[in-house]
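Next come two complexes, and both contain subunit A; in the first it sits with subunit B, in the second with subunit C.
Let's turn to the complex of A and B:
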């Protein structure tokens, strides 16, 4: 099972993929090498659950941890290139943009900004 | 012994005391559907055997190779048998070729529909989608409706009032089961559904599991299919021969027997309204020909527990987790020898089911979810 972590972090500015600037709370989620390349782990914080991804080209991304179709943790799913596939019904999302890629998922996944500093992965939660 | 399901604790206690068999309401908009929601049986947390992440990633890994090979064999054999059947049409020697063609059409298409619906057969998405559309047509299953119904089947497996794909309802309708070996009732209903959908009617039950934004696609595909069948029938009339229908449509009847034979074993005679696939699904060892036709869905507990694992990796998954699963049935015959008596007992007592015994190495069933009443009913 992916590791579960709960850490704290300073507040900062995060830039979301749509270019909007939002005040974010940077939360230390895990060490960068806790995630294998082309894989995902689960991160729980403050009653919420997130999925943190490491892409094949060694970039990090974060989304909500639960599939928008049903209550299933995406961290148990399969990462293929930029796609995360839900382990229950094989619904697919682009984890870089959150876009739902077809049935049985119809609702996009929420994404969060990520930064890596000193070998640690931080996600920006507003 | 009787098992009283999830109406409420009080109702259940009363029913046990009065020893009244539970009447099941399989409607997706009926009493048991509401009860399942009220009792937390829907979208529940299901039991999973622990498998290390690295091993699971390896098992889930996608590949085009096995499915391309199998699809070439499948469609190639269909073309060969159809060609020989056509060449020998009017001669009794055509019969075995049509029988073989029929099984590849009316049974092998069932497992292709299933695997490609999950999107696990091929690595390449369009290949999954293409085979899914072809197989859906052969099985007369609207690809939109059935994609969503199968998602529900995996969410709420054999939960009464929630699962739209319960093949054997209780008490079992044995005549219906026999007729479906020849596809008779399934195809009859499928044609009715297709015509109804083609008229723009999506039923209230279908609307419970198909999102609104997808419903127009149900209608569009039904209309395309009606056009194909109409053209086939017109060709048959023009030729004065049923030959076109022997190739399109009728194989869904005369070739259905194998997918019913194997499909009934998936959940037949086992528990309902539980949240552990070890209790409601069955793994059966089968001969290689049946496994090719069935695309390894004989490893059915494994498939339900980990639907992300492609069909070609299920034997490896089985080896990895069999210590935690009930012993598989060693053959189709063995499976039927336990299942048919269970069906017959369910005619008298629909609460009866076969409780799968776990090996000593397995984690026990969660009795907090699967109450003592279940164990009693299993006898």
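Let's turn to the complex of A and C:
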């Protein structure tokens, strides 16, 4: 079982993310083994789309699902180490922090807290 | 005191180069001279989003704030009329001359033109203003003729159909996308355009064309007559080399540069659509690429080499994409380098062709499918190509074998 900083946060508790406090509503996104190591899947919820990642060291992360350059689903992109590369124009982001890594992307991706419980991946949506 | 860096051409390539100079820590003067009235903007959307948006805006690469923050002196709507190589200065059309320590020519390309007299109902697409002019004619039931079955023509055909126009596309070659796209992929695109209601005419040239304020009449080589509200001509592009040529630089299908993007004058570099360069990947074969990523990467590399930081050779794998309807095409490498093709199906509606050299080296990969269905595998193929890998053909053909695993091997 992956060890995650937020994994024990119960529903509705405030979690720290990017220095901000926000209330999270934990949504079940997928089974932990739906995602291969060093890979990404798309998760749609309530009219929004997210990308959920499993890192090479078996941790889970979540970001907004669309690239900040042109609205393309990142889940079709390639995960290499901690980088997700947009499938359209190869814009790169660190999916652990959301940081844009240079042209053509200059706007960071929003990230969301993730926890894994009983083999399920939950993401925290405010 | 360093005379500074001057970049001629404020498209994707020139703009990226200007920022790359700053990112590398250069603190001398940087001047970016553009011929258009706009801030530097991205061209790929011109045939697609710009046509379809209700209120199209140029997709700006950098605004005045960002240019100022990087201390880039951007001069718009200005032609450079001459390069004085001895004095190391360029002459701006409207007056002053500008000294340079290093000069980058990022002059791009212009549409190849048909020889017929050009009136108000014949259009070419290169700039945002061109796109706005074309867009005014696209609407439900409007007859539009597109000359040329290359990417510009096909993307415009798709946009025009989305807007309800009646589209005929005329290609003189036996099929669309003859240059650089395998027939198996071109046939998917061909079928899709026909299914969307485009009349596709191949193997028929233009015998004559004439237009007036109201319409355009085209006579095909076969004798057929086509009337339209607008004819859009997309028959390729030519590198802008006049300035370089007048300055005595070597021209060879574009401004000739070496692997460091240096022209025959060591103080002058060229990058992007306007230059031809040796591609190390294919044994130094000289090519010229009209592609967005090439423009970006060459702009950035030229900037580093202008500063003399490392004298890095250009080693990228050519890559481009095209979007038509919901179909996405991506190609990494040059397909004509391949002698053998292996097909891999990706889901129901997408596939990739791997192009292998005689000795089994992966030299290119081309794929098509809905949206970005082929993107990940094309990207992995690009890395396999860059490494000179000789993958097992059965592995390439089998969707069960992950390309990422081949990369690790």
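Rule of thumb we're sticking to: the second predicted complex is superposed on the first by the 110 of 126 C-alpha atoms of A that agree within 3 Å, B and C clash if a C-alpha of one lies under 4 Å from a C-alpha of the other, contacts with A are read in each partner's own complex, and residues count from 1 in each chain.
The rule is simple: a residue touches a chain if its C-beta (ideal position, glycine included) is under 8 Å from a C-beta of that chain, and two chains touch if they have at least 3 such contacts.
Bear in mind that the values here come from a model prediction, so they are computed numbers and not experimental data.
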Check: Once subunit A from each complex is brought into register, does subunit C clash with subunit B or fit beside it?
Finding: clash
Margin query: Applying the document's definition of touch, where does A:104 land relative to subunit B and subunit C: first, second, both, or neither?
Written below: both
Note to self: Under the stated touch criterion, name the partner, subunit B or subunit C, that contacts more residues in subunit A.
What the structure shows: B
Next item on the list: Kindly classify A:71 by the partners it touches after superposition: subunit B alone (first), subunit C alone (second), both, or neither?
Entry: first
Check: Touch check for A:85: first (subunit B), second (subunit C), both, or neither?
Finding: both
Notebook entry, point to check: Residues on subunit A in contact with subunit B in one complex and with subunit C in the other?
Noted result: 70, 77-78, 85, 87-90, 103-104
Next item on the list: Going by the contact rule at the top, pick out the subunit B residues touching subunit A in the complex.
Entry: 43, 50, 53, 57, 60-62, 118-120, 123, 144, 147-148, 151, 154-155, 211, 213-214, 306-308
Note to self: For the complex, give me every residue of subunit C touching subunit A.
What the structure shows: 16, 19, 42, 45, 292-293, 296, 300, 321, 371-373, 375-376, 379-380, 404
Next item on the list: Within their complex, state which residues of subunit A touch subunit C.
Entry: 38, 70, 72-73, 76-78, 85, 87-90, 103-104
Notebook entry, point to check: Tell me, which parts of subunit A touch subunit B in their complex?
Noted result: 1-2, 39, 69-71, 77-78, 80, 85, 87-90, 92, 103-104, 106
